[in-house]
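After this come two complexes, each holding chain A, first together with chain B and then together with chain C.
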Partner chain A sequence: MTITERTIEADQTALVSRLVSSRQFWLILINLAVICTLGALRPDSFLSWINFKAVLSLMSYDVLLAVAMTTVLIVRGLDLSVGSVLALSSVVMAMLLRDGYPVFPSLLAGLAIALLCGFINGLLVVKAGILPFLVTLGMMSAARGFATVLTTGQYVSFPQAPRWFSRFARQEFGFHIGDMFYGIPALLLITLGVTLVYGLLLANWVPLRRMFYLGESPEAAKLSGMRTARLGISAYLISAIFVWIAAVLMTSANKIGYANYGISAELRALAAAVIGGASLAGGSGSILGTFLGVLLLALIGNGFVLLNGNPNWQQATIGAVLIIAVGVDALRTFRARS
Partner chain B sequence: MKTGFRKARLNINTIQYVGLALVILAIAFGFQAAFGNVMTTANLRVMAMNMVFEGIMALGMTFVIIMGGIDLSVASVFAFGEILVAKLMVQAGLPVPVAVVLTLITCAGIGALNGVMIVMLRVHPLIITLGTLLTLRGINLAITDGKSISGFSEGFLWLGQGRIFGVDFPIIFFSVTALILGLLLAHHRYFRQLYFIGGSERAARFSGVNVSRVKISIYVLSSTLAGCAGIMAAAKYGAAHWGHGNASELKAIASVAIGGADIMGGSGTIFGTVLGVIFLAVVHNAFVTSAVNTFWYDVVNGVMLLLAVLISRFIARQNTQKLKALRQSKLDQSQHYQTSKGGKP
Partner chain C sequence: MMKLGTRLAAVTVAVSTLLGSASYAQDTQEHYGMVVFLKGSEFFNWSYAGFQDAAATVGATTELQGPADWDASAEARAVDQLVAKGVKGIAVTAGDADTLAGSINAAMAAGVPTLTFDSDSPNSDRLLFVGTNNYNAGFAAGKAIGEEHGDEARVGVSLIPGLDSITSRLEGFKAGLASVAPGAQIVATVNDEGDLQKAETVNTAMLQANPEINVIFCAHGNPATGALSATRNVGRMEGANKISVLAWSLDVPILQGIEDGEYGATVAQNPYMMGVMSFWMLWSAAHPTQFDSLTSPGMGQVPTADLDTGVKILRQGDPAVQALMSPPKI
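And now, the complex of A and B:
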């Protein structure tokens, strides 16, 4: 055996052990296990393209919000206001569209609102040093309140808006395999595309990598000359951008703006991010993990519906999965320590 | 020197309480002057009954927050208490006292579960209690199928609607519990430990405080109080529904924060929390009586929370600055003393 062969072998074992110890690997396995179980129990209804499409489209908003949550969790923050900022942004866009403004200025106004909320959050957390939990709790209440005040709790429809806007999220891009036609809604494509690009950037692009450093140890980051305040605030701004994308897709797909969009979505997003490996202590989390976390929750929910179990139990499983994930983590760190 | 610092701190806290009380009075009398229907007995009763259940939860939350924890699960324990007591009475046919006691024991058990998980897993209480909140809310929804349960006996309804000397029982319960817990928190040795744990858990552990036991017992207290509130709410509304008490955990936390407790732990009083509860009740009521669009309530709620936290942050910063100045002056003095004696600097 030559030296190169040996190193390659060592590399391979290192790779395998790293893979086995990585969180994403286990999440993929668990997701596959859930898919196989459901597929075996309900082959017709679960393993159909229509069902997959429905599950994936419904979870895409949660994916975007969970990605937003992961971003702020990485810098040791927290954003409870994602659900209500989604509602506020959606309401603003829908009202502008209803009043006959062109599509792009309306969308930009929605983006501006979301960024403003994110900026206030970031400023109060980073500059004033208030706990993110409280800041975003206040923002959650205030943004939802503003959305309700603006609409007086009514749906906002926009019949005069250009047709393409109210259609594009549900527009399907199809491809044929054999006789079957598989259509993928634009909603899902955009979500997956944005998430993929952002996940790659977050893992490889230095300015974004710095956020992990900041979350891991704010003191060290500051002492090593990073502009920690700017970085911290920009995490909240990035989070706001993802919330805005979710708002645009939701407004377009449902053809209305509504102040009650995304109620308790922040809790689901937080649960999914934590299942995916993010931590309130900052410095950890990955987009792939978060995506798999959302997928796991969505599949379990779908399973409850398909197995004719009481669909009401679905909500209880989110909490249970969260606690189990946290428990497994605690066991792992405990074992690593001893 | 130490007493000097304590005095300064006391003053700042008093200023905060007086300021909050003045704002409450200003809002109440301002709206009374403008609309003339605030200070009627009927309105005051409505105002108190609107916030009383969140108030009872806020009392337990104060203990948890002083200890440096947080308990999001109170909202679902509240609804669970409602549903469980209703199920035990209406569907299992148990007599009222047995059902109430069983419900309270179960709620205490949920609190114990929270506490044990937080102590054992060493995960932030926010995550653990979020898990309990979601799980229990799902269970509430599932075991009732989203329907409400009603048909209680007269004796049970008294717990929510009965009056003693013209004051509703839940309000009496709130006042008495606040008084007892406030006195205990201020004077009893066991509860003084909370400030120690909230200030620095490590230091508390090293100096022999049984941190785990204290933590678990406080989560039990918080859940039990939420269960009490749930039982009385079932009696007040005459029905149990899984959607009751949604987002009440946030109102309870807001009351504690407005009352001047530092959410990082180590400070806060029951008196402050009571003021915070009254403040939220008065603000809500002002919107209702003035017939301003009540949708504004959420906005004001959020903005007030932010303002209150900013103010208490400011006060905390001043406190630390004073503490640092004090330490520095002490240091200077001792150095001066040593150099004047010719010892080592």
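And now, the complex of A and C:
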């Protein structure tokens, strides 16, 4: 064996070793295993284009909220208000559209509300040093309460708004294979687009990479001259932007604003982010991992219904997956420390 | 001068008498209170309109109190304040059964007839409950589906498990369906977690797994739009294979969907009647006759059983749909 061959072999071994130790690799395998199992058990209903399209489209909102959650987890934060802020932003946009305001100013108002909530969260966590759990729990309650008071708990429809707005999220773009049309809804394309771009930026763009350093060791980040406060608040603002995108898509797809949107979404987002590799201790997380985490939860939920599982156990199953993921995360953190 | 003084005195006496009698009328006018959560919502605006209209027929006055959100403790404070104000009776919808019990008990102990409507506080000392009997409402819904689809009905149910009200509705639905279509079946049940978006996800999967489903029964207010979207996701929102969605809501977008033929029907409760009957029960309790109430001595007669205000299954073209789309402004 030549030196070159040995080097190639060593490189290959290192690559395999890195791959095997990667969270994403295992998540891909687990997702594939779930897909194969469901495909074998319910081939007609599970392995259909309609089912895949529905699973992927309907997990779009959870993907966006989980990306929001991942962003704050990276900087050692937490955001329990993602679902409530989504509802508030949706309600504000829907009410403005209902009252005849043009689409773009209405959407910008929704963005402003989401950013305001994110800024308050970030400010109280970063500047005042209050636990993120407490701050965002308060925001969760306040945003949902405000949305409920604004709407008295009722749907806000906007029949006078331009029709393109209430159609665009479900508008399908696709291709024909034979007689079959394979349409992909705009909401899925937009979600995949913004998630992909953000994932690449988070992995490669230095200003965003700094969030990992901050989460890993806030003290070291501060000593190295980083503007840690600004970076921490920025994470909450970025999170708010993803929440707003989810709110826009949800409002358009359902043609209503609703104060009860996003109930329990924070738990699903947290579960997906942690399953995907984000740590409650900060400093880690990836958008691909988060996407795979959401996919896993969506597949479990889909399989549960396809197999006509008892609805009483549905939430418990998701909860059990979360507990396992948090347990694995705790074990990983413990090992890293020791 | 003397004459002028006498005239002035006479006018003064006359005005005083008139003012006094007006003031007496004001004092004797009975005043009743209604306490709700989500104050300002269409549903409770209907209830209060019924309450007001019934009160007007006997010259009584009313007031509406309560929070604009779900805060049951704010409702409890509103009940306490109405008692302190000396109202003749209180109708309260319990945002939380246990939170309201203390205030309801205190009101009854103070001799102010107090009942619950729409949402009950069964462990309190309330006079009675006025509202929808969930079993009966479910029965009506099941019977309507059985009559429409016969033995061919294959039903998927979207619900939140573990809630007594929804469990009763489902039991009633099954009985109603079986009463007219014994061959009809409930094929699958899914947990929508009370979330509209989740409802779309789980109903889509349910329809994928059970293509024989031709009816979705939404056992509570939230899943209807999600269930309708699910039928669109599987390409069965229209055409020969159309899935009929039975909603449980009076919200305007749902009613509009009924008019547009998107939903098969909706189970319409009667919040206006809840208000009307609540007032009459309170008025009766506040005016004892020769026989006291069997359950609340010292108060007038009211039924010893809860009062079911019933439901109607609304379909496209029903004049009630149009009427309900213009809720009263309070």
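Basically, the second predicted complex is superposed on the first by the 316 of 338 C-alpha atoms of A that agree within 3 Å, B and C clash if a C-alpha of one lies under 4 Å from a C-alpha of the other, contacts with A are read in each partner's own complex, and residues count from 1 in each chain.
Note that contacts are C-beta pairs under 8 Å (C-beta built on N, C-alpha and C of every residue); 3 or more make two chains touch, one makes a residue touch a chain.
None of the values given here were measured: they were computed from a predicted structure.
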Exercise for the section: Check chain A with both chain B and chain C modelled on it and let me know: fit or clash. Expected result: clash
Exercise for the section: Quick one: classify A:T148 as touching chain B (first), chain C (second), both or neither. Expected result: both
Exercise for the section: Mind working out whether A:I35 is in touch with chain B, chain C, both or neither, as first, second, both or neither? Expected result: neither
Problem - Contacts of A:L58 with chain B and chain C, given as first, second, both or neither - result: second
Exercise for the section: Please work out whether A:S45 is in contact with chain B alone, chain C alone, both, or neither, and reply first, second, both or neither. Expected result: second
Practice task
Give one of first, second, both or neither to describe whether A:G129 is in contact with chain B, with chain C, with both, or with none.
Solution key: first
Practice task
Based on the superposed arrangement, let me know which partner A:L270 touches: chain B (first), chain C (second), both, or neither?
Solution key: first
Practice task
May I ask you to decide whether A:N312 touches chain B, chain C, both, or neither, giving the answer as first, second, both or neither?
Solution key: both
Practice task
Name the contact category of A:A112: first (chain B only), second (chain C only), both, or neither.
Solution key: neither
Problem - Touched partner set for A:L192, first chain B, second chain C, both or neither - result: neither
Handout entry: Segment of chain B intruding into chain C (one of 22-30, 40-48 or 166-174)
Key = 40-48
Exercise for the section: Kindly list the residues of chain A that each of chain B and chain C touches, one partner per complex. Expected result: 145, 148-149, 152-153, 312, 314-315
Practice task
Show which residues of chain C lie in contact with chain A when the two form their complex.
Solution key: 38-42, 68-70, 159, 161-162, 188-191, 193-198, 200-202, 204-206, 208-211, 222, 225, 229, 232-235, 251-254, 256
Handout entry: chain C-facing residues of chain A, complex
Key = 42, 45-46, 48, 50-51, 53-55, 57-59, 61, 145, 148-149, 152-155, 157, 159, 170, 250, 253-256, 258, 260-265, 298, 301-302, 305-308, 311-312, 314-315
Fill in the blank from the handout: Note: in the complex, chain B contacts chain A through residues 70, 117, 120-124, 126-128, 130-139, 141-142, 145-146, 250, 253-254, 257, 263-264, 293, 295-303, 305-306, 309-310, 313
Exercise for the section: Please name which positions on chain A make contact with chain B in the complex. Expected result: 78, 124, 128-131, 133-135, 137-146, 148-149, 152-153, 267, 270-271, 274, 280-281, 310, 312-320, 322-323, 326-327, 329-330
